[in-house]
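Scrolling down, you'll hit the structures one after another.
Next, two complexes with chain A in common: one pairs it with chain B, the other with chain C.
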Partner chain A sequence: MDTIYEKIADIVGTNYVSNAAEELYLYSRDQGVQQARLPDYVVMPNSTEEVQKIVALANEEKIPIVPMGGALVLSGLTIPQKGGIVLDMKRMNHILEVNEKSHYAVVEAGTAQGMLQAYLKKHHPKLKHSVPDAPPVATIAGNIAIHGSGHLSQSEGGFHTEMVTGLEVVLATGEVVKLGSCSTVPKWFSRAPIPDLAGLFMGWNGTTGVITKVGLKLFPSPKLKDVIMFMTEDVDSIPDILFKIIDTEMAEDIAFFVSPKPAYFDGFQLIMISVVANSEKEMKLRLELIHESVREYMDSKEAGFLPLPPYMKVKLLDAPQKNLSEFADIMKGGGFEYVGAIMPVESIPEAYRAGLEITSKYGITYSMGARVVGRGSCVMFYYAYPFNRADSENMKTVAKALEESNEKALEIGGIPWKTEISGQQLILNRMEPETYKMMTEIRKLLDPNGIMNPGNWEVQS
Partner chain B sequence: MYELKFDPAICEKCKSCDCIMKCQYIDMDLEKAKEEHGKLVRGEDSEILTQCVTCYACEEYCPYHNHPFYLIVERQEEKGIHPVPKPIEKSQVIMMAPRGRIEEEAATEPVINLCFFPMLKGSISGKLYEGTSLILGSDIFCNLMFLHFARNSVIKERLPAMMDNIMKYHLNPGGAKEFICYHDECYGTYTSWAPAFGMEVPFKPIHLFDFLYNRLKELKSDIKPLNIKVAYQRPCSSRLCPEMDHFVDDIFGLIGVERPEREYDRENALCCGGVLEAQQRFDLTEENQTKNIEDMVATGATHCVFNCPFCFFTLMGKVSEKGMTPILMSDLCRMALGE
Partner chain C sequence: MKKEYADIIHRCFRCGWCKLPTNYQDFNCPAYLKYRFETFSSGGRMWLLRAWLNGDIQTSERLQQIFFSCVTCKNCVEACALPNIKDKLVDIFIAAREDLVEQGTVPPPVRDYLKAMSISGNPYKKPQAERGAWAEGLNIPRYTDEEYLFYVGDVGSYDEVGMKMARSVATLLSDTGVSFGILGEDETSDGNDVKTLGEAGLYEHLAKQNIDILKERGVKKIITLSPHGYNAIKNEYPNAGGTFEVYHYTQVLGLMMNDTMPKGTLNKKVTFHDPCYLGRWNDEYWAPRFALGSIPGIELAEMDRNMKNALCCGGGGGNFFTDILGTGEDSAAQVRVKEAVETGAEILAVACPICYKMLDDAIKAENLEEKIRVMDVAEIVNESRK
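The block that comes next holds the complex of A and B.
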């Protein structure tokens, strides 16, 4: 008799815990190239109290715990490196509060991006949140745990972690803590002016605690949206073009991309610019200012805005964009992973050239691009490589390409984002020792038994 | 190999310089117009080359059919002038290239040539098109759109093979000798551009409106007059075959549609703005579209009818916003047949 199983079943009920082979198999892997590793249990809690009890049990029994949202991180961060419990948060999917006047929402951690988006559209159509370009089942907390970004990251202040107004977290030792204004007053309007502890759980990939609730900023949702696309063949001009467009403060989302397919895009650089407005007059002004900001490029005929007929714009107006997800399956083998590197804007040309070199070296197809974050303080540059999971050689080749992309990203002054363990090692090798020391001490303090997603962010000998 | 059949002596003797004087976008007095046009003829730099918006209209304006627009395009290309930014031009050259995937499919008359507009296949249905064969694809694309990019060279390079493909894979196997051009840009390619450059055309092109008119006459008993006012968005390419414009009135007459008199129709028609936008002339695009649509609205038109798919995609949203239904000509005819 498996007493751990029985104890977990007492907490969540037998319908929401499993150690069946087929379920463990599914939770042992993700769509990327990382090695599959079986958990011992998969658990789906329905409340903070249940999470607390499970974590307390795990802490007592020294069983690893891996929190999991939509399992779409692709780089193995929800694969249990040392077995234990995968804590699937998706049952905790309630939207607890939407405060229109103060522009925030409070949601349970397992709330899907699509759920919140649909809810706001229906009940609070004047507000929206920033969504990542991931399938809508990706969760809010999962995205926070990896410093995600999305379609409002350019215009509304940066990474999604910068849009968090508060957290509720279950610590590895079983306590429940609230962080931000919600720790002191009923409302979740801000992390300030309290000393900010939320950063101890954001971007840590579930290695410091289990996020159970998130307070998230909401933003105005103007009724009109348009998208324009700028095209050039000169990648070295991209940083300047981006600077000029960002500087107008007229764009909501700005994303650079390149793709070898379709053939008429191969070798060209494109910048997709989304614009929102409350009136036709405003839309016209915004578009005009963006056009004029790059007039010198248009007049030189070296670059210009591509005419986009309405049927082509329809897809481009979506948030999230589905094209990366569609690209993910072009090898028809269910395999996809990308290196996303956070880097300065001026690194784009070098990053692009590096990507061409790597994909040519390995003979693989790719999609590359960069989303502007935080009004140009940085970009999230991605090297995306689909592969056929049934072809082990293809998978190995892509794994090498991903590793090399990580290395290259660091070489040119970027940092791989939500990276797999080997990428984490590259970062840790370069990190200031005092910084790593502080990270380790914080983890020890918060998680003395080392149960939270072990194997990640640990220097390996 | 394909030289423009242009007679400089005709321009020398021309007193009116209609090609420039009637132009809706170039503002010059007669003296300046003749001076600048003379430069064009002699192959010198001229303001016309950068001011031209490639609306094709001067092909219609020239009373001597001396191909002023094709001359502008030749000179633009000679001088390395790009009306549209180079990356966009280059991308379009790739996008519209023949795929080399054509297969034999015998076409028997009447043959509808949908050129490279597969998205319009749905319009080729109903009584109007009963018994027709349909041909389309990248390997039979007329390429005339490259006039807007000042790339006669692309048309010269690709068109002969396109015509060969039409004959070899479609017309010859089916014993057909003619086809109906769904878009009048194809019609203009074979009846205006090809002869202007001395290119032989081995088949007989028929204008869509000619076909529609005759089919409607055959189906007259099925027509229920629509009794509506419809504004007509005259496309650039109809400037290459102005003699076909009367068919719009003829068709409308059969189906009970009024073509209201408006400022920007017939010889004074305005470009839909799609090409102006590609040329990055955004202010002019907006000005054109606003004038054009307000003109339509002022007539009380309930519909705006198009022949050109590019005009259709460019303006459909804007005319809808102003309360008019955008519709292609053949779909308007199908409406009158109760479809």
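The block that comes next holds the complex of A and C.
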């Protein structure tokens, strides 16, 4: 008899724990090119109390535990490197509170981005949250655990972790802690003014604890939306153009992208600008100011706005955009993975050229681009490479291209985001030793038995 | 596994769009909603199927449960992000079941259902002679040269709720002067659910038997009680040599409501549950709504998940008979009736005998009898005429 299985089943019920070959197979891998590693159990808790008991058991038995949200990270962060328990959080998907007067929501960690979107649309149509480009089953807490960003990251303050107003976390030793204002008063409005402990769990990829609840900022949802597309062939002008548009403070979302397909797009640098407004008059003014900001480029005939047919506008205004998932089928192979490097806006031309060099070297197709974060303090620059899942050689080639993209991103002053273990090693090799030492000591303090997503963010010999 | 399917299985990215309706409201794949493991989502099923075909996963009871828990509702087809594979998803799952059936490795309830269909010609193991018993006392002629054949199917012929529904529809058709007859004891199962459960050979046998008798009797136009029968006869029988003009009964009612139908008034708030085999499988969303909306006094309230986003009752793909999904608070039917109650409707209207039974049972399981009751569209029209 598997006593661990029995003990877990006592906590969540037999329907929500599995050590069957089918679940172990599927939870051993993600959609990217990282190597599969089998878990021993897949467990689906339904409450903080259940998470607490499972983590306490894992800690007592020294069993690794890997929290998992939407299973869409692509870079292997929820692949259990050392076996143990994969904690699928998607049963914990209740929207606990929407405070319309104070513009925040409190949700359980497994709440899907799409479900919160749908809920707000129905019950609080004047409010919205920042939606990532990931499919709508991506979870709120999953995106917090990886420092994700989304369609309000340009205009509303940056990464999704910067939009968090509070957390509830189960520590590796089994205690439940509340972080932010909710630790002191029964409201989830802010992480300030008390010492900010939430940072110990945000962006840590589940290596310090299990996030069970999230307080999240909500933003106004103006009724009118439009999208315009600016185009140039000169990549060196992109940072300047981006800042001209950013500085108008008229755009909600600004994203730069290039793609060799369709063929007529090849060589064009495109900037997608989303604009929202409460009235036609406001929309007109916003669009005019954006046009005015790039007037010198238009007058020089070096760049201009691309006319967009209505059907394309509808697609581009969707958040998230469904056609991003279609990229996985470019090679008729059901896969893509990307390096998303956080870097300064000024690095875009160099990052773009590096991408062209890498894709040419490996003979692979690509999509590259960047989303502006935090009014231009940085961008998330992505190198996305599709692959054919049925072609192992093609997958190996893409894995090499991803690794080289990680290296290049660091070389030009960026830092790979939600990166694979190999990318983490590259970062740790460059990190100030005292910073890494502090990270390690914090982890030891929070997780004395090293059960939380082990294998990640550890210098490997 | 057909090559055309085997060649594309690896193209599923497992991005998870298939779990949700297009408005993202909640999980809309009944198997995933119930079990919540990634393995029970359409994407998970695609990846497991590939692993199984590659020999990385062996046939097991769990694998059978995963494949046979799909209710073929086509939410995944509607929501999938990949235009080049989405239309084939359910066909692929049915093909996987065919492989399991061929191996003789199916869950016991599937085995028992297919055995009953082979031996008795119906899942209830009842005598063929009783197929027309539902019509007793209604004076419906056996089909000779009437304009329409009313095709009832297994659930309408043998299940208590289905029989009640068949009588409602037949009564309404008779009262409205529609010229129709039935096959009674000469009717054969339409085979729709046999096909979706992967027994292609038995389905072909049943279809041929039906087509032969329909042709022999000179049937040209058919009205079906069940959307499942409607789907089989309309879309599958032509491939087996049987082409007929096929209507679901709500389509006929929809046509009659404006002129020939004597209507009364019914002051009730009603919400309509779209049957998957009428809606997503056959793109018919308006006929039942038109029929209901034509009744003076009825206030139609839509559930948040409606039409292409409707949550299946959980009875499709043979699950009504095999109950692989089972009951419980996360079962599709129980979730669906709670959603219906949220609209404030007193009547949950259905157009399928399987949905009727599934949702009726769910109302009881959820103790919602005081708040809402299930009625089929014909029953509602009849009620308005009292």
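In the analysis below, the second predicted complex is superposed on the first by the 461 of 461 C-alpha atoms of A that agree within 3 Å, B and C clash if a C-alpha of one lies under 4 Å from a C-alpha of the other, contacts with A are read in each partner's own complex, and residues count from 1 in each chain.
The rule is short, and it goes like this: a contact is a pair of C-beta atoms (placed from the backbone, for glycine too) under 8 Å apart; a residue touches a chain by one contact, two chains touch by 3 or more.
In this text, all values refer to a predicted model and were calculated from it rather than measured experimentally.
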| item | value |
| --- | --- |
| Simultaneous placement of chain C and chain B on chain A, clash or fit | fit |
| Partner chain in contact with A:H291 - chain B first, chain C second, else both or neither | first |
| Chain A residues touched - chain C or chain B, whichever exceeds | C |
| Once both complexes are placed on the shared chain, angle at chain A toward chain B and chain C, C-alpha, multiple of 10 degrees | 70 |
| First, second, both or neither for A:Y264, with chain B first and chain C second | first |
| First, second, both or neither for A:V137, with chain B first and chain C second | second |
| Which of chain B and chain C A:E23 touches, first, second, both or neither | second |
| Minimum Cα separation, chain C to chain B, after superposition on A (Å) | 18 |
| Those residues of chain A which chain B touches in one complex and chain C touches in the other | none |
| List of chain B residues in touch with chain A within their complex | 82, 84-88, 90-92, 94-95, 119, 274, 277-278, 280, 282, 286, 310, 313-314, 316-317 |
| Chain A-facing residues of chain C, complex | 10-17, 19-20, 23-26, 35-39, 44, 47-48, 51, 56-58, 60, 62-63, 66, 81-85, 304 |
| In the complex with chain B, residue positions of chain A that touch it | 231-233, 262-266, 268, 284, 287-288, 291, 298, 301-307, 309-311 |
| Footprint of chain C on chain A - complex, ascending | 15-16, 18, 20-23, 25-27, 31, 42, 44, 70-72, 88, 90-91, 112, 114-115, 117-119, 122, 135-138, 322-323, 325-326, 328-329, 332-336, 388-390 |
